[in-house]
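For reference, the structures are reproduced in the following blocks.
Next come two complexes, and both contain chain A; in the first it sits with chain B, in the second with chain C.
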Partner chain A sequence: MVIGKKKTIVTSDSDVSHMFTEYRASRAKKAMAIILMIVALLIASIYGLSVGSYPIDFVEVYNIVIDHLFHLDDPLTTTDERVIWNTRMPRLLFAIVSGAGLAVAGAAMQSMMKNPLADPYTTGISSGASFGAVVAIAFGISIGSISTGTTVLAFFFALVPAAVILLLSTFKKTSPSMMILAGLSVMYIFNAMTQYMMLVVDSETMEAAYQWTIGTLNKSSWSTLPIMAIVVIFGSLAIMNMSKYLNAMNSGDNYAKTVGVDVKRIRIIILVLVSVIAASIVSFTGIIGFIGLVSPHITRIFLGSDNKLLIPGSLMVGALVMVVCDIIAKSFTTTALPIGIVTAFIGGPVFLTLIIRQKKEVW
Partner chain B sequence: MILSKYKILTMAVLAVAAFAILAIGITAENDAASVNDYSSDPILWIYGNADGDYDIDSNDVAVINAVIAAGGTAAAYPWCDANNDGVIDSDDATYVNSMINGTAKVLYYLNIDNKVCSFKVRDHMNIVSVNQCNLQTVNLLMNKDSQSKVVGGDQQIYKYNRVFNLTFADKPANGVLKTGEKNGVVEDEIIYTLEAYYGHVEITLGSIARYGTQLEEKFGDDENISIVRLPSWEDNTLEGVMTYGYLFGGVQKSTFWTQAVAYYDWYMKYFGTIEKEVAKISESARPNILTMYVKDCFDGATNQVLSTTSGDYERSELCGGNNVGDFFGTGYVDVTAEDMAACQASKGIDIIYVEPSGVYGDGGKEYVTKSVQLCIDEFKGYISEKTAIYSLSFMATTAAPCVVGYVFWAKTMFPNNAAFAKWNVDDVFAEYLAMSGWADRTDISDIVSYGPGYAKEESSGSSTTYIIIAVVAIIIIGGAAYFFTRKKP
Partner chain C sequence: MSEIRIENLCFSYDSSATILEDINLVIDKPELVCILGANGAGKSTLMHCMNKLSIPTSGDVYVEGKNLKEYHLRDLAKIISFVPHQEESTFSMSVLDTVLMGRIPHSGNMMTSDDIKIAAENIKLLEMQNFAMRNFDELSAGQHQKVMIARSLTQEPKIMLLDEPTANLDVKYQMLVMRMLRDVARIKNITVITICHDLNVTAMYADRVIMLYNKGIYEDGTAAEVLTKENIELLYGVKCEVMEIQGRPHIALLDGDELDSHIGDNYQSISREADVSQESESE
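== the complex of A and B ==
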């Protein structure tokens, strides 16, 4: 009997039962890891709701939450209630949803491209979104309001790189390298256009456009959360549903084809899903880096590379990392730091550590 | 010879230290040569203004003579060094006399970046003005000068050209610079062409940190191109107006200078009174105020509070308010509704002044009204229902017309003050328009302010727009994905 690359000859029932024991232990470890991730996310979320510039006692925070949960139709009458329910609660959920979405998108990209450096922005989404936002701010494009116009344009321009890759796929084979190169080309074009816009606009507009690119959760609200949540939830479920194809593609395109996977089609579908998820997040939050890159790597340490576990695991880790970063962002100054800065500060060293310590066979 | 690693390390440390000492020495020497620190804050930033007031006259000569008699040095009395030779002697008194009798050829002044600069006295100006605030100052000063003209500006000025209604030279190429803003990209050829056509050009703008960062590098050695950096909204507006006025017309006693003096009188008529009245008011009786931009009424997409260190000089705290913007930090600070609630709980906010933007000319009333409503919608429930929210046209708060803002803020902060009650904001604005030569214009709104509004009105918000757009986007993407991935027969 051959198992994996090592040729192991099974000679007795004790060897078989030993293997099953190891397998069960491995499954138990992974189950424990998943439970720990859920618990950690819960603890971080509970604590995160109590952190903010407006002083409210921890116990009072949860009195308000529980009371309002049972009386959802009652209006909010005090500033404490408004701060908890209208400001911090949507912000917390925003952090969870955006972190989860970016992490799932990052995991899918890394699996699809077989590239550990892939993240949701690899195909140029961030540069497209930046350009859309700068255009909206510079020309004062208003759809209901300037901030809505900014969000809408950022969303549509974020999808342009994916559209370019889709178009190219009709002429060329959609290999991972083709996607990355096409994404890079589009990124350079958008960056050039964005830089030109920044040169010609006045200083206040340039400052506003720059602030948008940093990445912030300050735009969270009950009206914007459902849109992002719907896209992220359905997109993530679709990606999870395709995890078996991603597993096959992990072993190489040729192997995947032999087991009946339409590699080109799957790749394009994943690209579209990742683009829509990332675009929906970026258009509301600006560019928050490292979550999509680092979360899948952290998840692999505990759950391995099986996408059936990796994708949902990344979802939880991404949400957890984003909530923790938001707590840090709110803790240092009276006004919260832009979260994009915090994720970059933390993500960089964490990623370096992972590179140094990560075992190659995880890939 | 093989050096041990310790010797190499020691040599490296010594080399770095030596380089650092050399760098400090060079830098310090250059600083001493180019920057003059001044111990008092004169109104006119011209060397020779020994008494620190707004004019150069015989009093300055008397002060210089007194300093000479007392053996004073240029380091201790920098403004007495009229000829900028580093020594205070009779030559300085002679120099001031030449400024008084109109024969001085060069003036020495301190610019907004604390650098000592020289300016060649001219009989008229060909001005390239960078930024609309600077243009407001320049326009007011040259209103009655028939020879001087604005020959160019940056693109931001052309955005508001309709309002300023200034004739730019149609030769050459309308004198439009590339953006002279923060990144300082300037069309060299435009400046040189203007110089060739007009003989000399005076580029007027603010600090090098914000405007035309490359100008000195490109044109600093050209004696026919003067780069004059003085405040129009940064630092002290009055001092900027007076210094521009003296540089451009003080020696010649031209209309530039008479306009500057008229501006001074107008400014002090209101601000002098405000200062006197506010001095009588105790700290506890002063309202807590915030000045801010609210998202969507400004080109930006965030709420920004201006603290006392924002760099904008025409701040409402000058009129007696306690600016609680420092609660959020320094400079321009991005704030959320919760941050506002925190400030309300900690300090209390009595008045919010919302600054709209882009309010030059028509649409002024719409902008100020909208600004107040946006503030209410954004912060309702997070600030007190008693917090009064006002908005004032951007044009009335910045640069030369800032006096209009002072009057508005003083009246709204102290509505029971008898001196302030006599003033009418629209009348003050009309006085500014008359001084600028714009009294007959019909395209500048006569409504400059709105308020108070209070954060208790109901507001509604809808995410329908987002939902529709998201659904459309998903359908488009899904359709495209299906088109590209369907199995072809």
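== the complex of A and C ==
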């Protein structure tokens, strides 16, 4: 274009089509990266099924899985088949679903809060869940069983911080800082109550409560998997559906409004979705740290910050990281380490490396 | 027709802090309109009242004949675009992805080929085609402004609002951006309303100048009508001379004692010492 006195547009079609082609190629490359992540997840999953106190050959695992997938009604005849389908497969799927859900929730929270340190627990979900679990364990609250009672109470109390923020939003602007500060306040209250309860209960209850707070996949089962999977799948799809709004909100609330985004409404919907996803995971697995924080940052290295790619990419990375951490957890001891310890042990150094490698001064 | 009509608009943050009082204004031509005023005069507030970022305490704003209160944000976004003072993104995207955000009011969840082409055309229009795949945070301040203007044009608005688009830019880029805005208004037949602080750049390119003073519109007209010695001295409290160059007013600001009333005693004594030492050096 020649700007100024001539006031004529000399658009070069070749420049526009070059940008178009370059953009399409870049998107195709990023789509390919997501496909590679799926392949890596499949390989890690098959390998993960072969790892455990009862060793099964990698090829044997592959054959059993493929064979059983095509003949679902066939009874499990061998020990290998029973170990894989009754014990390791639900554990693997728990790892995939919980890793994917925490990573999607983390990516959504970071974009919504415009804060690279945000994760699914930023609004105090984990402290609420811990309190719920400790109450259930201390008072022996049973809904069918003690374990179900613990899960239900953990889920219920994990949603309390979100409810408090929603209540505040009726008369206060729902800014990211308000949400973080309200979450912190609720977290301190729950932590104080949890610590008090830990002081007054007997040592056996205290140990059980403490063990619950360390995230673990040891309680994985086919019966509870569908509940968590349905919440994570629908929650993640709903968040992906809002990715363009998250992109606009990354440029500031005022800008987002001027492209038609109802910022307050979207922020509340995202908060509710993230809370429900994180609460459903935490109530079954306990607190698994770092996955929700680190996975979106790892994904940004490969796919950039466009939420349309970042959220599905984080989903894959979260699932992959969780499966790899579970392999490590199962590899070092005869009884698998709680995965919460492994994710924190690996996530800490990984996050430090990301900070050092990062060119920007944002985080 | 792209028209903004403001009737009896008042805005205050609370009863004691009135920012704007009884504003009446019609902007209905595809031209470059500059809003001038001292700091705190209510320029940004007036602009924010035009696109629902701020809600007037009383009075009405009409866009294309319809009261702003009746607009959904998404419908309004198809008519009015906004370029903020500066980009606030935490997680930087590529230039093309950033510009594509302008298609949000028009598109579904996925960007179509047409959306990408419109964004690419506007990037080309702003001569940023060599940076299309670069990360936004790798660009200079001037390039940031160009990208934000391209994003705003990608929204295909009938009215563009810009909050100080020339802030942080050097003289050349200030002129370039303002000339670009004037030409965009003419070529694309849209109304461009911008807040500006540089009087000479405003005088050079603005088709219409609106001067805010004392909570209201003090003067409204062409640059030659509005940018007079008396108006500038009243508005900003500084001495100046106005001359005509290339058929447009040119403002020369003059240093003077009237600035003393705006600065503290400590600074005034330092300033006087500096004057004395300069005089003795020259002797």
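As a convention for this text, the second predicted complex is superposed on the first by the 330 of 363 C-alpha atoms of A that agree within 3 Å, B and C clash if a C-alpha of one lies under 4 Å from a C-alpha of the other, contacts with A are read in each partner's own complex, and residues count from 1 in each chain.
Convention: contacts are C-beta pairs under 8 Å (C-beta built on N, C-alpha and C of every residue); 3 or more make two chains touch, one makes a residue touch a chain.
Computed from a predicted model, the values in this text were never measured in an experiment.
*Asks:* Could you look at A:207 and tell me whether it touches chain B, chain C, both or neither (first, second, both, neither)?
*Replies:* Touch status of A:207: first partner only.
*Asks:* Which partner chains sit in contact with A:292 here, chain B, chain C, both or neither? Use first/second/both/neither.
*Replies:* The answer is neither, since A:292 touches no partner chain.
*Asks:* Examine A:241 and indicate which partner it touches, taking first as chain B and second as chain C; both and neither are also allowed.
*Replies:* The second partner, chain C, only.
*Asks:* Give the label of whichever partner, chain B or chain C, reaches more residues of chain A.
*Replies:* Between chain B and chain C, the winner on chain A residue contacts is B.
*Asks:* By the touch definition at the top of the document, which applies to A:22: first (chain B), second (chain C), both, or neither?
*Replies:* second
*Asks:* Quick check on the superposed pair: does A:254 touch chain B, chain C, both, or neither? Answer first, second, both or neither.
*Replies:* In the superposition, A:254 touches chain C alone.
*Asks:* For A:115, is the partner it touches chain B (first), chain C (second), both, or none of the two (neither)?
*Replies:* second
*Asks:* Where on chain B is chain A touching in the complex?
*Replies:* Checking each residue of chain B against chain A gives 155-156, 159, 178-179, 181-183, 185, 210, 295-296, 298-302, 327-329, 332-339, 341-342, 344-345, 357-358, 381-382, 461-463, 465-467, 469-470, 473-474, 477-478, 480-481, 484-485, 487.
*Asks:* Considering the complex alone, what residue numbers of chain C touch chain A?
*Replies:* These residues of chain C touch chain A: 48, 51-53, 72-78, 80-82, 84, 87-94, 96-98, 101-102, 104-105, 107, 109-110, 113, 116-117, 120-121, 123-125, 127, 129, 132-133, 135, 137, 155, 176, 179-180, 183, 186-187.
*Asks:* Mind pulling up the chain A residues that touch chain B in the complex?
*Replies:* Contacts found on chain A: 52-55, 76, 79, 82-83, 86-88, 137-138, 140, 143-148, 150-152, 155-156, 159, 163, 166, 169-170, 198-208, 211-212, 216, 218-219, 223-224, 226-227, 230-231, 264-265, 268-269, 272, 275-276, 280, 333-336, 338.
*Asks:* Under the stated contact criterion, what part of chain A meets chain C in this complex?
*Replies:* 1, 3-4, 7, 9, 11-12, 15-16, 18-20, 22-24, 26, 110-111, 114-116, 241, 243-245, 247-248, 250-252, 254-255, 257-262, 300, 304-306, 308, 360, 362
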